[in-house]
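Scrolling down, you'll hit the structures one after another.
What follows is a pair of complexes built around chain A, which joins chain B in one and chain C in the other.
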Partner chain A sequence: MLDTHPDLTSDVIFGLGWLYTILFLMNIGWTLRAYNLKLENKFLSGLAGSHIPSASVWAIYSGVLMMTALAHFTGSSSPESFVVRMPGFLKAGVDWFADPVRYFCLSIGLFVGVVMLRKQLVKPTVAWSLLNLSILFLGLSMTDYDFRLIVGKPDNVPIVGMLFILAFFTWLYFKRAVDNDQRIKDGRPLFEQEKNDKILVWPDLVYSELICMIALTAFLVLWGIALQAPLEEAANAAATPNPSKAPWYFLGLQEMLVYFDPWLAGVVLPSLILVGLAVIPYIDFNKRGNGYYSYEERKFAVLTFLFGFLPLWVAMIVLGTFLRGPNWNVFGIYEYWDVHKLEAANNKNLSDFFWLYWPTGEMLGGMPKYNPQGSAAEMVIAILVREWLGIVLVLGYFMVSPIIMALTVFRKFYVKMGFIRYMIMANLLLWMAALPIKMVLRWTVSLKYIVAIPEYFFNI
Partner chain B sequence: MIGFSFKWMSQFLVRSYGLSIRAALYFFKEYEYLDSRMADDKKKLSTADILAQARAQAIGAEDSAETPSAPEAPASPETPDAPVAPSAATPQSTSDILAAARAQSGGGDAKSEKPSGSAPKGTSDILAAARAQATAGGAPAGGGAAPKSTSDILAAARAQSGQGGGGEAAAPAAKKPAAKAAVPVSDLPPVKEMVEAMKSGKTTEEVKSGPVKPKIPTKPPKSPKPAPKAKEETRRNFLVALLVSPFALAWMLLTLTGGGFVLYVARFMMPNVLVEPPSKFKIGPPTDYGFGTVATKWKSQFGVWIVNTDYNGRKMIYALASVCTHLGCTPNWLGGEQKFKCPCHGSGFYITGINFEGPAPRPLERVGIALGSDGMLEVDKSVKFQEELGQWNDSASFVEV
Partner chain C sequence: MSIGEYIRESQVWKSIFRHPAPYDRRNRIVVMLTNFFLHLHPVSIKQQGIALSYTWCMGGITFFLFLVETITGVLLMFYYRPTLEWAFRDILSLRDVQTLGIMREIHRWGAHAMVITVWLHMYRVFLTGSYKPPREFNWVVGVILLVLTLLLSFTGYLLPWDQLAIWAITVGSNMAKATPFLGSEGPGYQLLNVGNYPLITPISDARFLLLGARNVGEETLNRFYILHCVAIPLVVATLIAIHFWRVRKDGGISQPL
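So, the complex of A and B:
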């Protein structure tokens, strides 16, 4: 029987052979580095009670990779019986995270983990091991048909690449910051002062840029030849593609649109993101960390930015790209995109809760109704009474919580920033926090809108 | 026709822009000319010019001003090293000149030529001294207001260089300030003193004494101003008017063109012919639509679903617009789940059109439907019925079966 969705084909196995070959060559280089630096594997040395050089461990690992690559190059006669593939329990484990709540918790956990374990993560060996693990994970996952389908889409290939780039630059930041933090602690000069390798713009920098430009152009040309443009059929107003995905850089916005009304998620929040990023220099009163990397000296700024960028933007893009499937349901990366997947998403507005589900509604005599043909004033009053709780909550959120924050957690900030700057910062923070708050409310109590006035297309 | 007009208008816009740019260039050129005429001078003296002249002067002083400075040098024994240094080398840079000025003013004070007691240390001191001197000296002679800032002094210097040299009384005065420079040392005029000298040529003569050397090339007299100026004034007004009117014309034309363009856009919104499906169309007899079904056959052509179901206890046929109320995507009817599901953000609607999942804030909209006299259902997409406004009770929004 012909399998239309084969997990493994000889082409895939052959391609993976190349991947493992590249990984093997990379690790040969790493082994040589370890050999030249005469590094010692402390863990294994302690275990064996004798000196075990790090290079030997990496050499063994490289050897295994070479054997794996060779196996891929030779063992493609019967693809279905090929053994090097992602084990089922791992697939199930990864797919378990294909749920907005778990995924969000995972991304927050990763964010916290990276910040907490930064001193370990910046070690070259740890970083290299993580890179190896991620590539191995990618290679093994490629043995799954559905994963290949979603990750191998020409649309999505650059996103995978960018995730690696993002991880690298985040790592680089933490490496420099941890280094400088230690230097400041020890009273040594900063990295930027000590290793001041200033060069001339012309010719040093301009030449490097020229070379980069040429290399990147060549790369893009090759890419354009190798991967076909993801063009689709002519647009048809009556047939929206399913799933219908925005360009990758807007997938964070599209994810926000799941939780907010279009005018909020499509207009207000993007504008606030842009404006908020622009005002950072004006509301930042911390003079330290200027011109050099540092974490300890700019904890608030770094954490706020990274929280907004990594879990609230990048993770949303990843969610939209790889996990959102037909009907905007969430699918695991190894899961078949079933158009008929059922996902209970029965959402209720806060006013529904108040007037229909909680006893308060009965006590107050049911949800206020108005005669649609009646006067506008009557309608407005009825709407305000209906939505009073949501309106009070929203107003309180934006007007009372800055005061509370100024009196408690941001007491020093308030003193240093003054009223206006503090209010701007507090409101930007509150807007940023509104996204996860709304997401959590949606997941936990199926809350659709806090203030729901569909009559005037106004929903919060 | 529209296309033609559009082309014409765009060309006109481009041309009028080009015209106004050309006019602007012409205007500025003319203005520069006028300005130079008014200044009655080849060019304004900038600080750099003054410095350059000072340098040239300093070089020239070596030979030409030898005679006046030579007897002066021995006459000041209090500053033995002063004559040596400046005569040795000509100053090369501003900082040299400034340094020299400092040294010199120090020397000058030593000779107690000035009333001020302490020797000025920095540039600011020198400037202050220069100002003080200007006020002190200028009051008796010129009677003019004392300059307040460096820029004042420089401006005054420029004006002076333009007109001061030519005046009958100014002729000797212009030479006097040089003497001040020449007094303490041989030839080197400190910038500030020089600037100040130019500013108030006749004032310093009281303070300073000594041989005379013109510092700045004197210019033709500028003082008999009033008559030519009035003449120029009128000419200038005329020229400005001549030059500005193309601007006014261009802006007016631009406004008119823009206004016409806006009107045309407004006209474009009301086309004579609409190439789109009619808003009213027949969809066959009610028997085509069995109970409990959603007909999707009109979706691609007209964007409606025809639903035959139970709503509030009444069996009825109605037409739902296939536009999601969240962001306008086209949902799909999923028969298995008995719901409309939007592929963009996952909004879900029951067969009745009521929203129940995802972010859609309100139910799908109904469009008008009626049973014609020929027994055919007729859908009218030009009217909409929104549930949240209670419009679904309108008898035009459904056909009871």
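So, the complex of A and C:
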């Protein structure tokens, strides 16, 4: 019987052969580097009780890669019996994270881990091993039909590339920052201050620019040849695709629609993101860390920015792009996009809790109702009574909590920033925190809206 | 006299380049001052200021990609008609028939790359604290350029007029319906009335302004085409000029104080 969704085909195996060849060559380079620097593998040397050079370990690993590549080239004719593929238990393990709660916890955990372990991560060997692991993960994952389907979509390819590039630059930032932090601690000059003579722009800069432009042009042309721009069937207003996705860079916003109404997720929060970005220079009163990489000197600013960019923006784009399938359900990266997958949605508003589920409702005589034909004032009063708890909570969140924070955790900030600056910063932070807060409330108590006034399309 | 020397000594050459070739220190300085394109740069610069590991080159790459998008975009405009009848067919023909069809690939991948490089540029500027005084305002200009880059990409997404295009724009522009006060399904739109006559309706709200119609249709295609090819690029080009000007005026590329 012909399998219409084959995990492996001859072309895939052959292509992966090239991937492993490239990885093999990269690791040969790394082996030579370890050899030239006469590095020692301390862990294995300790185990064996004798000197074991790093280069020999990398050489053995490279040899395994070479044989893997050869096995792919020679075994590509019989894909059914080919053995190098992603093991089932690993697929199950990765797909276990295909759930908003676990996924979000994972991204927060990674974020915290990177920041905490930055001094270990910036070591070349650790970084190189992680790069190898992620390429091996990608290569092995390509042996899965559903993974190839979603990652191989032309518009998704740039996002995979972006993840690698972003990981690299985040690593580079921490490398430079950890270095500079140590220099400041030791009282040595910053990295940026060493070997910093004035040089002429012609030829040093203009030639770099020229080379860069030529390389980029070649890169774009090759990319254009290798990967055709997507073009689906002609537009048809009658056939709504399932799922309908916004362009990839807006998928973080689309993901917020799960937790917020469109007026917040689609209008207010994006505007606040931009306003928040624009006011950064005016609320960051810290004079240090200007013009060089550092972490210790501006922890709060860096952590806030990284938190907003990595787990709240990029990770949400990844979730929206690779994991959101039909009916906006979450699917594992190795999972088939089943249109009939059902997820129970039984979310309740805070006013439902107050008037229907908690004993307070019975005590106060049930949820307030109004006559739809009655006067507007009557309706507004009924709504305000119905939603009073949510309104008080939201007002308290934005008006009282800045004051409490000014008296406690942000005391120094308040003194240095003054009232207006401080209030702007505090409110922006509260808006940023609103998303994780709403997420947690949704996951734990199935809360839909804190304030639910559908009569005026005003739901929070 | 070699041919090269003959050309460089000619009146025509000297009328274009007003100084000898930049082989010595003096002329390497003069070339930066007298050439229109090069004078965006300073004459000399700190070594670490242009080190790749410091700048990541992302701002420059973004600008270069903007130029690539402009050139490929102009070429694509020769082949593309923004009408319901032709838009999709012209893209098909670019894919299957036209010699310069690869321009569409370069344009699309360049656009994705530009969004990514803008983010990375902003990332780098933040992480080096380069938005701090005296460069605060240039950071704000950069944020506006970020928005415009996203809008350029968003408006361009519609032009192929395939399923991917119209539904992505439908999803994106549906948000405008929920604009507070100005969207026909936004909070508080009922408050904008003249007597009993509502000002905000599905044919007079923010979404209608964006689409030029109740749904993504030919009016939207025309609107997005003009925004994509003329209006936004003009604003972006102006702001890029200001951005570069301010880089120079605010003390050049950031350095430890």
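Miscellaneous remarks
We take it that the second predicted complex is superposed on the first by the 451 of 460 C-alpha atoms of A that agree within 3 Å, B and C clash if a C-alpha of one lies under 4 Å from a C-alpha of the other, contacts with A are read in each partner's own complex, and residues count from 1 in each chain.
Simple rule for what comes next: a contact is a pair of C-beta atoms (placed from the backbone, for glycine too) under 8 Å apart; a residue touches a chain by one contact, two chains touch by 3 or more.
Computed from a predicted model, the values in this text were never measured in an experiment.
After overlaying the two complexes on the shared chain, residue contacts for A:Val415 are found with neither chain B nor chain C. With both structures placed on the common chain, the touch criterion links A:Thr240 to chain B and to chain C. Of the two partner chains, chain C is the only one that A:Tyr292 touches; chain B does not reach it.
By the touch criterion defined above, A:Pro326 lies against chain B but remains apart from chain C after alignment on the C-alpha atoms of chain A.
Touch criterion met: A:Lys448 reaches chain B, while chain C stays clear of it. Comparing chain C and chain B on the residues of chain A they touch gives the larger count to C.
In the superposed pair of complexes, A:Ala345 makes contact with chain B only, with no contact to chain C.
Judged by the touch definition given at the top, the superposed model places A:Leu384 against neither chain B nor chain C. Applying the stated contact rule after C-alpha superposition, one finds that A:Val258 touches chain B and leaves chain C untouched. Legend: residue contacts after superposition of the two complexes on their common chain; A:Met162 is shown touching chain C, with no touch to chain B. 236-237, 239-241, 244, 254, 261-262, 266, 457 are the residues of chain A that lie in the contact sets of both chain B and chain C, per the superposition on chain A. Residue ranges of chain A in contact with chain C, taken from their complex: 155, 158, 161-162, 165-166, 169, 172-173, 176-177, 190-206, 208-209, 212-213, 216-217, 220-221, 223-225, 227-237, 239-241, 244-250, 253-254, 261-263, 265-268, 274, 277-278, 280-282, 284, 286-294, 298, 301-302, 305, 309, 453, 456-458.
Chain A contributes residues 236-244, 254, 257-262, 266, 326-329, 339-340, 342-347, 371-373, 448-449, 452, 454-455, 457, 459 to its touches with chain B in the complex. Listing the residues of chain B that touch chain A in their complex gives 299-301, 303, 322, 326-327, 329-332, 334, 336-337, 341-346, 348, 356-359, 361-362, 388-391.
Of all the residues in chain C, the ones that touch chain A in their complex are 22, 25, 28-29, 31-32, 38, 41-48, 50, 52-54, 56-57, 60-61, 64-65, 68, 88, 91-92, 95, 102, 104-110, 112-113, 115-116, 119-120, 122-124, 126-133, 135-136, 139-140, 143-144, 146-147, 150, 153-154, 157, 160-168, 170-172, 174-180, 183, 185-190, 215-217, 254-257.
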